[in-house]
Amino acid sequence: MNIDMQAVHETMQPKIRKRWARLFRAAYLTITIVGVVGVIAVTVPNLHRFFEGVFWFCFSFAALFFTAEYAARLYVAPFEPGRELNPHWQTRVIYARSTMGMIDLIAVLPAAGIVILGAHSSGAYLFGILWILKLLRYTPGWSTLLRVFQQAWEPLLSVFVAFIIVLLSAGTLLHALEQDVQPDKFGSIPDALWWAIVTLTTTGYGDVTPVTSLGRMISGVVMVCGIGVFALWAGILANAFAGEVRRRSFLRTWDMLTKVPLFQNLSAETIADISRVLKHRDVSDGSAVFYRGDRGDCMYFIVYGEIEVQMPTAPLVLSAGEFFGEMSLITGACRSATTRATKETLLLALDIADFRDIASRRPDLSLAVHEEARRRMGQGQAESGEGGT
Amino acid sequence: MNIDMQAVHETMQPKIRKRWARLFRAAYLTITIVGVVGVIAVTVPNLHRFFEGVFWFCFSFAALFFTAEYAARLYVAPFEPGRELNPHWQTRVIYARSTMGMIDLIAVLPAAGIVILGAHSSGAYLFGILWILKLLRYTPGWSTLLRVFQQAWEPLLSVFVAFIIVLLSAGTLLHALEQDVQPDKFGSIPDALWWAIVTLTTTGYGDVTPVTSLGRMISGVVMVCGIGVFALWAGILANAFAGEVRRRSFLRTWDMLTKVPLFQNLSAETIADISRVLKHRDVSDGSAVFYRGDRGDCMYFIVYGEIEVQMPTAPLVLSAGEFFGEMSLITGACRSATTRATKETLLLALDIADFRDIASRRPDLSLAVHEEARRRMGQGQAESGEGGT
Amino acid sequence: MNIDMQAVHETMQPKIRKRWARLFRAAYLTITIVGVVGVIAVTVPNLHRFFEGVFWFCFSFAALFFTAEYAARLYVAPFEPGRELNPHWQTRVIYARSTMGMIDLIAVLPAAGIVILGAHSSGAYLFGILWILKLLRYTPGWSTLLRVFQQAWEPLLSVFVAFIIVLLSAGTLLHALEQDVQPDKFGSIPDALWWAIVTLTTTGYGDVTPVTSLGRMISGVVMVCGIGVFALWAGILANAFAGEVRRRSFLRTWDMLTKVPLFQNLSAETIADISRVLKHRDVSDGSAVFYRGDRGDCMYFIVYGEIEVQMPTAPLVLSAGEFFGEMSLITGACRSATTRATKETLLLALDIADFRDIASRRPDLSLAVHEEARRRMGQGQAESGEGGT
Amino acid sequence: MNIDMQAVHETMQPKIRKRWARLFRAAYLTITIVGVVGVIAVTVPNLHRFFEGVFWFCFSFAALFFTAEYAARLYVAPFEPGRELNPHWQTRVIYARSTMGMIDLIAVLPAAGIVILGAHSSGAYLFGILWILKLLRYTPGWSTLLRVFQQAWEPLLSVFVAFIIVLLSAGTLLHALEQDVQPDKFGSIPDALWWAIVTLTTTGYGDVTPVTSLGRMISGVVMVCGIGVFALWAGILANAFAGEVRRRSFLRTWDMLTKVPLFQNLSAETIADISRVLKHRDVSDGSAVFYRGDRGDCMYFIVYGEIEVQMPTAPLVLSAGEFFGEMSLITGACRSATTRATKETLLLALDIADFRDIASRRPDLSLAVHEEARRRMGQGQAESGEGGT
């Protein structure tokens, strides 16, 4: 029983490369998108008439699916590897209070709506829009975004306070200036605030515009402040983003580097430098990494999977821990052989610019790659007369 | 008397963790928000009729409160620690000419308005909007924003001059082109400037639009310039912001580092490197820092307060200067014990990416943490069989 | 035959400095721009009447030209230097599946339109707009832009998912709130989504605006989210851009540095440092690099071409590998002689700020430049009494 | 005669701290602003009637002034220090083809307009708007902006080409989709392009909006592309700006550092590090640098001018090359004495964060400052019992 539950848990995780996990993901995404599009379409009167029956079936199915999914995730949460030590209820609480746990709970709302509000109530339908949140589970980089806001909330908040101050001041001023001329549009501060937010965000519907000279001048100042708020937010987020991206890339590659034999003899400083610049590349089974004759601008390290170099005599098979494509970095020539993945493969790519930069500061990297390339070429020539890629 | 005044002064400062200071803050924020919302609501005719009496009481109370507050702050200014040496009037001048001093003075205006303009005058009410400025005292990151503008005023000004040049040129050109076709909208340069600012900020109300072909082409150029101005401001502010955030974080952690015994033996370079990357985290009394089974991505140093590690046998109590959570950084495992603050606590968090990065360049940090972890594990095993977190 | 094909291939590449290549480029750009402008103009009824005949001739000519060009590029693809080893069909596939290959194929569409839809069909005309894509071949920095999107697609995608979530939620909410008040504008979710996208992108046409209080509040939140999306995208792209620009500049200068004798004796670290900061400057035959009396803020290295320094006695001719303008960097004086290119010349410029910065960390650069300057001045004084520039 | 001309030249340069130069600047700015405001005001019919006479006098005076100024600048150009070696005509050409030279020439246009078009022609008036360009001479940071565009023109251009491609494609598509429904608004591609640019820049006048479903979808895509263009430009400019600001600050401080005796014994690397972080601060005669009791967050080096430290016994006078305020950096205490400039003074400010950062890496800086501080305190105690600031 225990083992089954762990398999169920694993099947429902993203990034698992097994058959059932893929089927689950495909079903999950299809149901989410069909459900949301259905809810949108059913509100159009013409469409509503024609396929209400079909929609009702799909909607109920999706509501049921997401309810079952939430129950299943809650049940199998304790079977997550590395959390077995905890009491069962505690691991379930960890899942339930996580961001995705709450989104999964929200996705149960439409089902609850059907039960409470009745089957064909349009109110129940509208909750279906919330299923769109389910897409976040398979959105890469989502966690980076969240961390960016966590890191930068202080300056973002202070810009927001400045935004509110400008908003209220502008609304009050325009109320004072324009209430006699346009009593229907600037008669109260809440009315004037509608104008203020439309102007400060530079949206500019044009349903409310000032007509007095002074009102227009203040309006111009508000617009410029709006640009300033944009610019400040952009500046803050650009800064926070740069830090997070560096951090994430560094962490993702660090552990993998220890699996590459070439790096075993490098100094800790060189490894940290390389961690900062390596890029990930997923290659699906059967697709080419590069073709013979392509310009070469990076070398690759195999984290897992298998790569086949199509040499003239016999294909050369490389597996986890090995590297290829280094000849283009050293000699600058085009790729001399097409290279394909024969399994699902994860590669780490080292760009030529980063290679040269690091190699200039850390002679050990340069030495290790050159030595391996020389060794391989000697071997290749002994075997087939043309080695390296 | 002297000591009392210092207590009064302290009570009115932000970030003081004492009972009276908290009560004061709560009152201050409540009165500010109730006051501002009241002023906004009272301008709506329907609401005005029903609760004018209530509003009038609240408004007067808030006006009185802020007047009294300003007087008090002015009186106790000389009792600020570190400024006792100055003559009293001079310290009061320092407060009065500070940004917050001026805002506090502005907040007295509504009270003055009541006295001068009469009790129920709507003019007096409108000054109440200015109380929103009072929020700045408790907005973290506000001083960073101010410094950003101070640092970047030169390029911001030159973009503003470019903005004015484009504005005037566009207004004049469109006046020349469209004055015959739309004399009511482009009849004078000030009229055309209204169109120009609405267009250049990409607000686009649509109340004034060019109709000639040439006018529309110039209009397109103006819109693109508007995007350029946005982009330039964003670029300038992003750049200035990055510098200020680095500076602030560096300064806030520097002094605290000296209180952590672990860092006493590190080199000045290592300490400066760590100062640049440590993040602050406030933990209120009783809340958890992390739970058993959470993924661990940082270690913590205690600046002040008290932390309880919930070990199986007996809780381990850590206090200022100690650190915890380092096992997750070294082994990559989940947290092995839940950790709670038992007092108001300030932690410095060292992220795993930063730890690895610095440790690769500065072996002394790595050594110090590993040694302490080993020592603690030995001790922990001797005591309870499971140490470290 | 083989050599002719290579010449044809070379003629059609950008950045080739030969007579036929230039003529080809001029024809290519003229036909592209005339073709696109013609298609735009011919849709205006007044213009259509007058010069339909002329337009028809131009359009057919351009369609023919681009069809012929595509055929030619496909045929000569195997004659690209460095790809001769591949079988002919494979090199043609490489060209056909490249970005520019697909754009060239798209540019054949109008010709196909004429054949299929008939000569004077307006449908055929409209495909002519696609010729604008042809400009990308000669747009410098285009490949950098593409790489930026490749590098940053993950966070960009997650912001886009957030954008969609806000869009759908806002549309649904406003549909629920306003459908009774404005059934023609918010009657279905697709209608409400039109309002949502116009508002979220802060475009604000004003054809659909909320009128209920709650609708307006939500509207305000959507506008602020819109600013946030702008800001996030700007932040992500700023960050990715910084990396790409550094990479490109580093790679472009690296290979050229080895041609400059001065750098032969520098350490690898110094060369990598200089690679990061050197800027390219193309100087056309006969134009001046700087004039006597100009302020000097950089020194130049000649990659190819020829430079003439107009000394009082006789002009000094410098060729590839030599450098000039270093005196201004060392002494801070104005340029002492006007300098002109006598052939098409490519220079690498080393800015004074970068020179000082690198020289302070790498004494070998400073030493090499000073020594050469001293040697040249001695020589110059021996020859003409005034050397160096 | 020669000396007089040099004085005239100097008088007309920005940043000269002499009496006549200041008077000239005041006149120049007053005439520019009065002239431009006058031109704007005179187009308003009501104002026109009342003060046409006054305006006419001012306008003529300004036109005359700027014409005379251009002639004078052209005449004295050869008397610029450091350019005396050039033949006179060549130095004049250098001025005439410089950016400010061309702006000065443009400012002569209104005068030419009066002569050619006749005195009271409104056409002549409108050229007066161009005087606004004259403000650029005194806009700090203007040259930085220009360099940013020079550095980043390649990616900016490629984004612009992408902008044009989206614009034309969107215009053509909407023309095809909406020409039957709204023939007056989307009847020709130029008409549709007006809609496209208003939408792509997210201006959104609302005078032309799509009504078909497909048209609205494409419209949504165009708006999102518009945000992307904003974001890309912002990203490119942010990146280029960061580089330029670093460069400018580095260059401005580098030369001044050699005048500070404290730095004579520091290594070149330390000086380069300090150059990168020092900030300029102009202090006018008589104003305070800081007050006793202020928090201290930087120390100052005097480039020129004179500073008076108000010690209890007798004021301490510091002049060029000396430094002060270092005690706050070392001890963290408030300023112990008020400090005033007694002449126009230029200071270089070293921020506490930068000081700590550099001092941790370069012990020679820390040592030099501490030694000087100790020496001064000893001296101060010997003299007055309280030294340092």
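Order as written gives the chain letters A, B, C and D; numbering starts at 1 within each chain.
The rule we apply is simple: a residue touches a chain if its C-beta (ideal position, glycine included) is under 8 Å from a C-beta of that chain, and two chains touch if they have at least 3 such contacts.
None of these values were measured; they are calculated from a predicted model.
Rotation angle, chain A onto chain B: superpose the C-alpha atoms of these two copies and give the value as a multiple of 5 degrees.
That rotation is 90 degrees, given to the nearest 5.
I need the pair from A-D, B-C or A-B whose contacts repeat those of A-C. Over half of the residue-number contact pairs should coincide.
A-B
Look at all chain centres (mean of CA atoms) and spot the one farthest from the centre of chain C.
B
Just the number, please: Cα centre separation of chain C and chain D in whole Å.
Measuring from centre to centre gives 28 Å for this pair.
What's the distance between the Cα centroids of chain A and chain D, rounded to whole Å?
Computed from C-alpha means, the inter-chain centre distance equals 40 Å.
Provide the list of chain C residues touching at least two other chains, using ranges where the numbers run on.
In chain C, the residues touching two or more other chains are 190, 202-206, 230-231, 234-236, 238-239, 242.
For the complex, which residues does chain A have touching chain C?
36, 39-41, 43-45, 126, 129-130, 132-133, 135-136, 139-142, 144-145, 148, 163, 190, 194, 197-198, 201-207, 229-230, 233-242, 245, 279, 291-294, 332-334, 336, 351-354, 356-357, 359-361, 363
Could you please specify the touching residues of chain A with respect to chain B in the complex?
Residues 82-83, 85-86, 90-91, 94, 151, 154-155, 157-159, 161-162, 164-165, 168-169, 172, 175-176, 187-190, 193, 199, 202-206, 209, 213, 216, 219-220, 223-224, 226-228, 230-232, 234-236, 238-239, 242, 246-247, 250-251, 254-255, 268-269, 271-272, 275-276 of chain A touch chain B in their complex.
Show me the residue ranges of chain A that touch chain D in the complex, using the header's touch definition.
For this pair, the touching residues of chain A are 202-206, 231, 234-235, 238.
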